[in-house]
Structures are given as structure tokens and as C-alpha cells.
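In this document, chain identifiers A, B, C, D, E and F correspond to the written order of the chains, with residue numbering beginning at 1 in each.
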Amino acid sequence: MESILFLIIFPLLTGVALLFVRNDSIRRIIVRTAAFLLIIASILISVRYFDSGLELSLHKEWINYGMVAIELALAVLLIAISIKHKKYLPILLVIIQTTIINWYEFSYSHEVEIHADIVIDRFSLIMILITGVIGSLICVYALKYMEDYHHHHHEIKDRRNLFFFLLFVFLSAMFGIVLSNNLLWMYFFWEITTICSFLLIGYTRQDIAVKNSFKALIMNLFGGFGFAAAIMYLGYVVEIQELNKLPALAQSGIELLIPAVLLAIAGLSKSAQMPFSGWLLGAMVAPTPSSALLHSSTMVKAGVYLLIRIAPTLGYNVAGILVMMVGGITFFLASLMAITKSDGKKVLAYSTISNLGLIVACAGIGSYESIWAGILLIIFHAIAKSLMFLSVGTVEHSMGSRDIEDMHGLIIKLPAMALMMVIGIAGMFLAPFGMLISKWAALKAFIDSDNILIVLILVFGSASTLFYWTKWLGKLVAVLNKYERIPAKLTFDEWVSMGTHALLTVVVCFIFPMIGNHFIEPYLNTQFAQHLGSVISDGNIKIMSLMLGMVLLIPLGLIVFVTLKEDRIVTSYMGGVNRGDNRYFTDSKGQAKHLYLSNWYMEKYFNEARLSTIGNITTSAVIIVIFFMALGGVL
Amino acid sequence: MAGSMMSVLLYIFLGPLVGGLIAGIDRKISARMQGRYGPPLLQPFYDVLKLLSKESIAVNGIQNFFIFCFLIFIIFTGSLFFMGGDILLVIFALTLSSIFIVLGAFSANSAYSSIGAMRELLQMMAYEPMVLLTAIGFYVVTKSFNITDIMSFETPLVLYLPGIFLGFTYILTMKLRKSPFDISMSHHAHQEVVKGITTEFSGSTLAMIEIAHWYENVFLMGFIFLFFVWKMPGSWIIGIIACILLYFFEIVIDNASARYKWQLAFSSSWIAAAALGFTNLLILFLMK
Amino acid sequence: MVDKQTIIEVKVDELVDKAVLMKGQGYRLVQISCTYKENFEITYSFDKDYELVHYRIHVERDEEILSISQIFFSAFIYENELKDLFGVKIKDIAIDYEGGLYRVAKKAPFAPQNKEEEEAKHV
Amino acid sequence: MSFLKKSPWIIHYDGTSCNGCDIEVLACLTPLYDVERFGVVNTGNPKHADILLITGSVNEQNKDVVWQIFNQMPNPKVVVAVGICATSGGIFAECYNVMGGVDKIIPVDVYVPGCAARPESIIDGVVKAVEILEEKRAAMTKKRKMAKVRRVSGPVSLSNMF
Amino acid sequence: MSVLRFSGYIIKNLFQKPATSMYPLKKQKCFDRTRGHISIDIDACVFCGMCSRKCPSGAIGVDRQVKQWDIERLKCIQCSCCVEVCPKKCLSMKNAYTAPSVGSVKDVFHARVPDNQPNS
Amino acid sequence: MSKRTIVPFGPQHPVLPEPIHLDLVLEDEKVVEAIPSIGFVHRGLEKLVEKKEFTEYVYVAERICGICSFMHGMGYCQAVENIMGIKIPERAEYLRTLWAELSRIHSHLLWLGLLADAFGFESLFMHCWKLREQILDVFESTTGGRVIFSVCKIGGVRKDIDQDTLKGIVAVIDKMQKELKELTDVFIEDYSVKHRLVGVGVLTKQEAHEVGAVGPMMRASGINQDMRKLGYAAYKYLDFEPVVENDGDCYARTLVRIREIYQSMDLIRQCAAKMPEGEIEEKFKGMPSGERFERLEQPRGEVIYYVKANGTKFLDRVRVRTPTFTNVPALLKILQGCDLADVPMMVLTIDPCISCTER
């Protein structure tokens, strides 16, 4: 039973080991082996606990004290770093939080009865699989990436041992979050992810990195503060300290508004929703594997994980409206802002924020259908987004730029990477692929829950999503006969990592009905006392699969087409002033001028600063109003 | 099942015929409105058959393939529609197919086809919300996304969805590529982006685009049809009459307006969607 | 009825001053034209209230003159024309086409192409 | 049955014309002459066109343009030189920058005389062009049938197609 | 400001007869003054060459030796200059147009060819 | 990397009947830089004076352009006549004015049509050109050509118009005016048209003066200047005021041209009413000697003929400074910051005539 702790302890140990390894090949062996073991372990555990689930209680005082000790140590560490960089807000937040939680821990927590510190249900299994598989693959990918990274950036000190240490600790903490049922445990791991992300973002120690890392720290600490407050409230007032008790309590009509709001704030900040979205954009300064980790499988997913967990609680009160509104607004505005970006990672960041907004909105609605959709979104997003990050990272290292404009004609320059990206992008928004299926389910859920405003936001938001993804896709497929192939040597690690991702993106689309039947629905049945079955009908699934089949035939068709074609190749249309090779035309002065085709960014129209101000103000207003409503309702 | 199979087959075989004929009538009527005699009624067919016999030229090896996919998926979309499938799925398939033509234009990597592709994308972004809202409107009234169910509702849907109908008509102009919304490619008047997305396509590929548009137009008329048919047998006549009238109205609009710039095209269709669609839905919810 | 037209001859280096003067008095540049007769005979015409004022300079073939396009922006197009069709050397043109405004088969077609033509003009 | 005859699409390029012929070509499209009766569409895009109508002669600067446009048209295609300028350079033949008729640069199939060419003449010219187009198409199909070997030589793979 | 201001007019046009002249089904209308092509009364010509010298585009050729007068139809710009300068007034401008051709057209006239037809 | 699109625009382009080329640098669709290029129509016909006699050169002059052909012939003749001191008969002056104003109507109608085509209003284009045909019929019946008239000669005109035809012309004008009203109202009132024109491509009065714009371009920016006021030909006998608008945008330029059509119709009526009897041509002898700048108001604005004669039958130099040529700097100015969709609008509102520009 305790074997489950392997998931937490093993990555931790690996991380510690890596901290002391400075030799590349040893590190490679350790990381590969650890990743392999983690993947196997996640799968085995899923199989093992698929039917039975697990409720494990470890009445071990020393664990709690250990946690307290670590927490205090980390608090001291944070304070020290903050003092060093002359940042005082984090100090304040750290102190308040640590005080609250310790005070609660020592004064009251003994009186709350804990049935299970660790609970595994089908939802946890999904999260374990995501973290285990995607997270490990990212770590493997990071091996080569970081090597190149330091090769390119001599100004940055090589602290790869620390980097890999953090990656694995992160995984460990993430497993901790999804396994914990005891809120105090969860809080512990939650804070660890905060600190890890803080350190990862600040990895390069450049000014901008430091600045952004503190931004992330402050926002996450703020959320952590909400978490701590919620724990305290729950412990004192409701006398529970377990996550899985919440839905039942909510259904029995116990007033849970305040903790719901507080937990929601924690979840929103971690999942980078407006007004907290700033940290995630800032996190882009970190090396790509850490972005991939933060944005796809861990960190932000921890936020939505919490929200989905408490979703049944949210559905009953204004906290639900809070979450729904914040999610909805974030979804819409972030996808509009993504339109204005040409930096590949920035687009991915906005898209992450936006997609998480959708998941958050699903959680906020809190109905059977919406949670169904939300969980599906988590899965598909994790895979496809991770794939995108990794591809962008590799492309950046191959061409020296991650700007989408520079990816013009990637299909010629780096066909393999272009293919990866095409799969990733298709996975993010295109018809028979995952995200779209989930969006479809979400749409249905929103309509059925009569939240017409959210429906409206969804339709407009997905239209904008379509815009920025397709224009990226367009850049990739632009074909110019004269482009040179860029010699890119993908290492085995990269291949394995990205290849698996790509494969998963496609495979999961085929098996999503099974995921629905065997993972999501059983979980929802326990949460809601009724059985509603699949959100998407069988007939439609069949048609979807047919479509998917058709789409998958495209590469094959392309090869046949290209082989059979008999086109006469001519120059492209330039009003007659071609210079022969489609790249140059004769300009007004009679000289050769380079044709350049840029995408649209409409910066005036979807002004980033303006939209984010609007978003931050409205979401803050929503949060504040509802927070005080909650307070008022209680007082 | 057999019935729906039948209508799919009918669509696949008659679709282009009807679509081409509509195009022919359109051209004739437009010509008369312009005080000209106009081309023969069957001109669109002559054009396509001619295109098929031309030499095929291309800028690169793969651009034409995307168009092939475009055609296939348009047919797929229409078939799904006439099969009586799920209307949301139909819309997703439609989006997918439209993306193929955009990608085709992008892949040609030529000045005007790329700009046309960006404009086409913008148009897609502009009309997509309204199309989805239409489906949602159907769902809210009939409790089903299934086209067969939608068609057998007990009253004509337009009575419940007048706002959505107007909104849909608004963006229909865009889908039919008619002025004032022919910003990505114009059939008639000349344009700053030459032939927009179709600039680099010629010969049989252009013919494919043309045929795909015919299919698409027929299928779009199907959408209009949905607003006007109900359970009553024989109501399909009303539906068809409505389609004819609406198409005529579109021709008038086409011939009586200048081309909008993208800013207006985009914002007006979003505003139309938000205002008309939203109000209509809101009223429906309140009535519930 | 027919108005008298006087053409004021000025020195090459006075031209810019004259242009500034004209600008100050609210004239607009109407045209710049050139004829080759032993040397370039360039006429600058300005207009105000239907009244034309012409300044003429004589420029040798290899002499370089200053553009007035900094004063009258629209001069750039005339000056580029002079450059391409006559081969007048003009520097500091606001938008200099560098000989690409008219891409003609033979350079400076309005200027004599060879010795004989040159002599013919001198008669 | 060939449909080229029924749907000749034109592209119009104005060489160094005086505009006279140029606007007469445009006038052909307008209500009084309405060449769309014959299925003519002014595509403005060489890749869609069957007939290249050129007004005006060619000069140093536009000779490449004319050639490019001609080259970007799919076969079968015909060139119609409209107006005296296009046929021979006309009154400008002696100008230093006029190379002469369009046939100096690309093969011309039909010459439409007139200064300016009357719309009726242009219509006649197009009708004549359509006949030639038809002949060319017939020749093309014959050639295509005869060519047993594929035009693309060498091994075909995805990479060398781009 | 009005929307679709033009719709009334075009709908009216829809039900009117189109303005199209239907050439070539119907014959083109010609005016007396229409400048179509040059024709010559070769018998009156004295082959002085005046027309040839004055023709701005050099379309006319005159050979006094063999008494030949010819015109390149694809060079003539219908300016009527030759008509004006001909001392014998044997040239005239007719209002019918030269038909399009597939190659250059040179109409040659010789004196004493009885029926005044081109015989190139 | 840059978010700027760099594309060529023209010379072969469906919205540009004539070849002009622009190097466009765009951000999205916003034009951030546009450099026009001409020279695709450059023939070098000014140099033909060395090969054609000055009397024959009229044929060349009127083939500078097929749209404003008549006034090119007339301007050239006028310049030579003034050098030689020839006073042409009054009837010839009236006839010239009549044809000049008819040309203006035809040119403006042509332009309105092209403008409509450029903003995607095909049916409006068709109707404008349909109307224009009536004017062309008048041309053909009076001069023998639809485009190139060949009626101007040094010393007068070649062809006379008899009284019946004159009445017929006025009748045509009257009939046209009614139909024209329907079309111009669309330009003036229709929402979609105004969307494309109002506030687009603004050239302020100050700018118009600085860049030396001429013609409707200048008058739409509030500068009151019209070369017809110089009183050449029969304008000195006629009663008219230059058409001026103040907004300086595409809409104002459209309004100016529309109002000028009506103005021209009025001038034609005045001509027909006041036309004196008499000769149409003044015989002259000798060769010109001297130089002269002659200014006329073409449909597109002030044109200048510079003629330098040396007493032989071959002139030293003819230079035609055409309105479009001077309007190119103005075009440059208004292109900055417009949208790609506006580019044809911008190019068209200077009413470009490239063959005039490049000669």
C-alpha cells in the first residue's frame, strides 16, 4: 500500500542524486532510467488501483512534523532570497502563511479526524498518468535541450544539476498534490511547487528572470495564502481536513461558501487565471523544458486539478459563479491576446492561460457534463501543449529563433519538426482532435447549464483560437522551393520524447471514449449521485473517428499526390515583377527586393495592454465582489 | 438510415448541379441588374469543364493537395448535414474544410494568396461565432443538435429564432463570398488582393474550388432551409421558397454595396452575432 | 489676351535661395523642365494665384546641383526624371530612385549620346 | 466536346499604350458590349486566364513583365495584341524606349488593328482567339496522348518536389 | 446616408431590356465620320509619295517605279493625315474597320489593276 | 523577426487598368511604406519632335493619352499658336471647349466607374460606363473616333458640328443628367460607399499645397484654383466657378468630380447656346520660334505644355507636365498609413493616368 509513496519519494531521491551529478553521461543515465521507471510505475499503479482505488491513512506524527520542518526551512530560504533581492512583499506573505498554517497545525489539526491522507480514484489516476508520462518525457527531453542551451548561452552559468534537481522535485510535489487527500499535505506539496517554480523561473539569474520569478512567487504565495486560510476555516468551522469530504458536505447543504471561495482563489492563482495570469507569461524566460513542465502537466494543472476536485462544491453557490466568470473572461481575453503575439512561446503561454480558463469555467459550472469536459480538456491540453513546447524549443535551437515568423516554410527547412508542430497545433484546436472534442462537450455543458453568457464567451473565444492557431499553421506549411533544409540532428532523447507525445496526441483522440467510460464517468458517478453516461453520443463518436481516419490519411494522400502530380512549376504571382525564384521582385528602384509575408497581428485591434487591463479589472472585481458577498453571507 | 443514405447520395450527385445552376442564375440576374445581357445560364458549368481541360500549373508540389482535401471535406460536411447528423459536428467539419483552403493558399507562399489567406481566416473568425450560435439556437429550441430532430420540430424555428436568423443571414453573405463581404476573394469586381486565396490555383484545382463552393452553397441553403421547415408535411416547399427569396436578396446585396474593409466586416459580424444572437438566446432562456 | 512669359535666369548656386524665397511667399512648385542646348537648361516654375514665375539655370554636363526636394517635396519626382532622362547630376533628393524611375533602354536619352550629337547641339 | 470555346477568360495587360485601347478593352466588359455573353471574364490573374490581351507596345521596363505574365498562364493560351501600338508600335515605333510590337517578346496569335481598337474589333479578335485556342488545345491533347513517358524525370520523392 | 441605396435602381434594371448591343449578332452602328480604314482610288493616284512621307506611323509605301501603292493595315493609326495631304484627293477614310488578323496585312495596289482590289 | 509584409503591387494588377507599381510594406493591412514606381509606359514621345514636323506632332500629342487625348492635342496646338501669334476663330474656340468639356464628362465617368470597381461595387461600375457610352457616341459622330479624335490642328479644328447635331448633344446631356443623378446619389449617400471613402486618405489644404497637388485633388482639399479661369479657348466667355470641397478625403475628391460632371454639362449647354457662326480654322504660314509654357485644365488638373521652337519645322523641345505626374507626391503622402484595401482607392483618387504621367 505504502508503495504508492514511491511516486513521491523516488523522484525526490532522483532529484537529490542529480543535484550532485555534474557529469553529463551519468546524468543522462540517471534521468533516462528514472523517467523510464516513473512511466512504468505510473502505468502499473494505474492498473493496480484501477478497480479498487485506494484510501490510505498514515497516522504518523513524524510525517507531519517533517513537513512542518521542511516548510519552515523553505520559508527561511525564501525570506533570505527575498532579502537578498530587496523584495519585501513575499516576506510578508511567507510569514503570514507560515504562521497561519503552523498555528493551525499545532493548535487544532489534531482534533480533526483524518480518514485518509492519500486517496486514489480514477481522476487521480489520470493525473498520475499525465504527470508520470508527460513529466518524465519532458525531463528526458531536457537532457539534450539544456546541453544545447548552455552551449548557446554562455552568459548563463551552467547549473544543470540544480535544474534537474528542481524538475524532479517538481514531479515529486506534483504527485504529492494529486495523491493527497489530507489538505495539509496537499498544502505542503502545493507550496513546494510554488518554490520550485520560483527557482526554475529564476534559473538564469538574469534581471528579467529574477523579476519574473518574484512575480510568480508573489502571485502563488497569494494563492497559497488563500489555501491556508481555507484549511483553517474548514478545520475550525466545518471540522474537516479532507478533500473528498467536500462534495458530500456540499450536497447535504452545509454552508461551504467561504472555503470554496478561498480554495478557488488558490486554484485560480496557480492556474494563472486573470488577474494572476501575469506570472505565467513571465515564466517564459525560463528554459523551455521548465515552461513545458509548468504549462502542460504540472503547476497550472495543479490549480485546475484542485478546482475540478472542488467543482461539485462550486456548482451550488456564488463561488461557482466566481470561478466560471474568471475562467470565461480569461479564456476569451487570453485567446484574443494570443493573436497579437509572434513569439512562439508567448502564443503558447496565452493559449495555456486561455485553455485553462476554459477548464476553470467548466469547474465553475460544476455540473456532471462540464466536469466531464474539463477533465478531458486537462488530458488533451497536457499532451498537445507539451508537444508544442518541446517542438518550439527544438526549433529554437535549430534555427536560433522561436519567432513564428521565422518558422515560415518550416515544412521545408525542418520537416520533422514541422510535422510535430502540425500535429500539436491540430491537437490544440482542429476538428477531430482532442481539444475540439472537449470544447464541444464544454459547449454542450454550458448550454445545458443555462449559462448563456459563458456560451457566448465560448463561441467568440474559440473563433479567436482558430485564428491564431491557423495562422501559425499557415506559416509552417508555406512552401518555397528555394529554402534550404536546416541540418538538425535530433537526438534519441528528443525523438523519443516528442515522438511519444505526437503519438499520444493522436492515439488519445481515438481512445477518448474509453477514457470517458472508464476513467471520467466512474469518477463523476461517485461525485454526483447519479449516472449520466457519456456526453458525446456514440454515433457522433463514430463520425469523429471517421473524420480522424480521414485526416490521418492525409499524409499518405500527400505522398501519392506528389508522386502522381504532373504540374508545371511556375513562379508565383507578383504582378509581373518576379525575379525568377519567388523570393525576390523588382522594386520601384529597379533593384531586387525580398518578398516577405508576415502574418497579421492586429496589435491595434487586440491591444495586449488594454485587454489585460480590462481582464484584470473585471476579474478582480468579480473576485472582490464575490469574496465580500461570501463574507457578508457568513457574518 | 436508408432515407438518410439516399439524401447523402442525392447531395453528392445533385449538389454540384444545383449549386452550379444557382451560380448561373446568380450571374444572369446580376448581369441584368447591371444592365447587361449576361452569360448563358450554364456558364458556370462551361467554366468548370474548361478548367478541367487546362494544363495544370502550380507554384509548388503540395498546394493543390490542400484544395483536394478542401473539396473532400466540404463534401463530407454536406453529407453529414444531409444525413441529418449532429449540427455541431457539421460546423466543425466545415471549419476543418475551410482551414484546408486557407492552408492551401498559405502553402503557395505567394503575396496575394497569403494575404487572401489571412483575410479568409479573419472572415472565419468573424462568422464562426454566429454559425455556432445558430446551432445553439436550434438546440435551445428543439433540445437537440440532431438535424433530423431539428427538422421535425412542431413549429417553424424562425418564429423562435428571428434574431438568430437575421444574424445568420448577415454572415451568410460572407460565406457566399458576396459583396460587401468578399474580402478574401471576389468572384466579380476586381480587388486589391487580385484573386485572394485562389490567386495561385488554376486549371483543375481551381475547378475543384469552384465545385466545392457549389457544394458549400447548397449546404448553406440547407441551413436556411432548417429555419423554415417543421413537422408539417409539405413545409419543405416553404423552406425552398424561403431559400430562393433569401438568395435573391443576397444577389441584391451583392450588387448594391461596396466591399467592406476587414475592420468593419469583422466587427460588424461580431456585433451582429453578439447583439442578435445573444438577445435571441436570452429571450429564449427567459421564456423557458 | 496671351500673357507674357518671362524667364528669370539665375545662377546655379542661387537656386536654392530662390526656392526658399518662393516657398516663403506661398508659391507652389509647378514644374521643372530641362532642355539640352550646349548645356542643361533647367527651368523651375512656381505658381501663386494663376501667376507663373520661372527660374532658369544652366548646368554643365558634369556639374552636380543640389536638390530642392527638401524645400518643395514634390520636386523629387521631377529631379529623378531629369536624372534618368537627361543625366543631370542631382544630389540629396528626398526620395532618390537612383536611376530607377524610368528604366530606359539607353541611358539619358535626351542628352546627346555621342560626340557627333553633342556637336550638332552646339550649333 | 470542348468548353474552352465557351469560357475564354482573359487577362489584360497594358503595355505602353496611350490608354485608348486599354479603356476600350475595359469597355468591352461593360453593358453595351458585354463580352461576358461569350463567357469572357476579366480575371486579372495570369494563372486563371486563357487569353492575354495586350494593349500598347513593349518597352525596356515592361518587357519582363509581359514575359512573366505570359509564362505564368496555363496552356493552352493565346495572345491578342490590341491596337496598333501592340501590333507594330504604331506612331511610337520610333521612340527611343519602344521596342515595337508585342511580338518582339512573346508570340502573338491575333492582331487587332485600330487606333484605338474599337470594342467591336476587340470582340472579333477574341472570337478569333478562341478558335486558335481550340486548335491549340486539340494539339495539346494529342501531344499528351502521345507522350507515354511522364514529364517528371528522375526518381520522385517528397523532398525533391518542393 | 442610406443602406443599399442602389437596390431600387438595379431591380428596376433587372426588368428592363439590357443595354447590350448584341454585336456580332447585330451589326455595329457606324457614323459617317467614323474613321475606319483608308481606301484609295488607285487610278487617280500619281504616286507622288506625299502620303507616305507625311504618314506619322509610316504605314504607306509608294513606289513610283512600279506604280505601286501599299498600306500596312497593322501600322495605320487612322489619323486621316494622308487623306488631307494627298494632292489628288484619291485617298478616303471609310467607316468600316479592318478585321483582326493572325499576321501582318499589307494591302498592295497597282495602277492599272482594273477592279481596284487588293491583290497581294 | 519583423511583422511586416513586403509585397509588390502591380504593374499588372486587376484594379489598376494601367501599369503602376508600388512597393508595399504592410503591417497587417496597414501600409507603413509605399514607394510608387512608374516607367512601365514610358515611350519617350517628347523626343519625337525631333523626327516629326511640328504640324504632324499633333497626332503624337493626342496619343499621349487616350482619356484626355483631346486636350493634349488642343494644349499643344494652343502653345504653338501662341508662340506663332495665331488667333484662332471664335467658333473653333467654342468647338474646342465643347469637346474638352465632353472629354471631362467622359473622363470623370470613367473614373467613377473605376473607383466603384476598386471598392468592389461592380454594378455601379457597369452603370457608370454604360452612361459613358453615350458621350462616346457623341464623339464618334462628331469626330469619327471614340477615343482619339484627330480634330485639333494648329490654327483651329478639322471638323465642324452643325446646328442639329449640337441640339442633339444637348438633348443627350439632358437625358443623361437624370440617369446620372441616380448613380451619383449612390456615391454620395450609400453607407457602404461612404464607409470606403469618408475620412480615407486625407490630404489637408496645407499638405495639398506643399506637395503641389493639382486639379480635383487640390480642389477637394479646399484650394480654389482651376486653370480654365485663365480664360483660354472659350472659357473666357463662359460662366462657371471652380468646384471646391474642404475635407480633403477620398469622399471629397469624389464629390468634386461628381460636381464637375454637372458643371461640364452646364458649360456644354452654354457653349451650345453661345456658339457663334463662322470659320473653324485659321490658315497660317511660317515656322514657330520662341518658347512658351501653356497651362490648361485637364480632367485631372493642370497640365503644362512647354514648347521651345527654333524657327525650323522641327521643334527643339516639347515637354508635357501632366497632372498625374505632379500628383504622385500627393499619392505618396496619402498612402502612408492607409489600409491595403484602401490602396486602390488612394491610387484611384488621384485619378491616375499613367500614360500621361510617363509619356
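As a working rule, contacts are C-beta pairs under 8 Å (C-beta built on N, C-alpha and C of every residue); 3 or more make two chains touch, one makes a residue touch a chain.
As the structure is a computational prediction, the values presented were derived from the model and not from experiment.
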Separation of subunit A from subunit E in touching-chain steps, minimised, is 2
Please find the path from subunit D to subunit E through touching chains that uses the fewest steps, and give that number.
1
Between B-E and D-F, more C-beta pairs in contact link D-F
Taking mean CA positions as centres, which chain lies farthest from subunit B?
C
Most remote chain w.r.t. Subunit F, using mean C-alpha positions, is A
Distance-wise, how many Å sit between the C-alpha centres of subunit A and subunit B, to the nearest whole number?
37
Could you put a whole-Å number on the gap between the CA centroids of subunit B and subunit F?
43
Just the number, please: Cα centre separation of subunit A and subunit D in whole Å.
58
Chain centre separation in whole Å, for subunit F relative to subunit E (CA means):
27
Subunit E residues touching 2+ other chains are 4-6, 10, 13, 18-20, 22, 56, 77-79
Subunit B: which residues touch two or more other chains?
31, 33-38, 55-57, 60-62, 111-112, 114-115, 190, 194-195, 199-200, 255-257, 263
Could you say which residues in subunit C touch two or more other chains, in rising order?
97, 100, 102-104, 109
Spell out all pairs of chains that touch, sorted by label.
A-B, A-C, A-D, A-F, B-D, B-E, B-F, C-D, C-F, D-E, D-F, E-F
Subunit F - residues contacting subunit B, complex
5, 7-9, 13-15, 29, 116-127, 130, 190-193, 195-196, 339-344
Complex contacts: residues of subunit C adjacent to subunit A
97-100, 103
Which part of subunit F faces subunit E closely enough to touch in the complex?
52, 56, 59-60, 63, 121, 123-124, 127, 130, 133, 140-145, 148, 150, 159, 182-183, 185-186, 189-194
For the complex, which residues does subunit A have touching subunit C?
588-591
Subunit A-facing residues of subunit F, complex:
1-13, 21-23, 26-29, 35-37
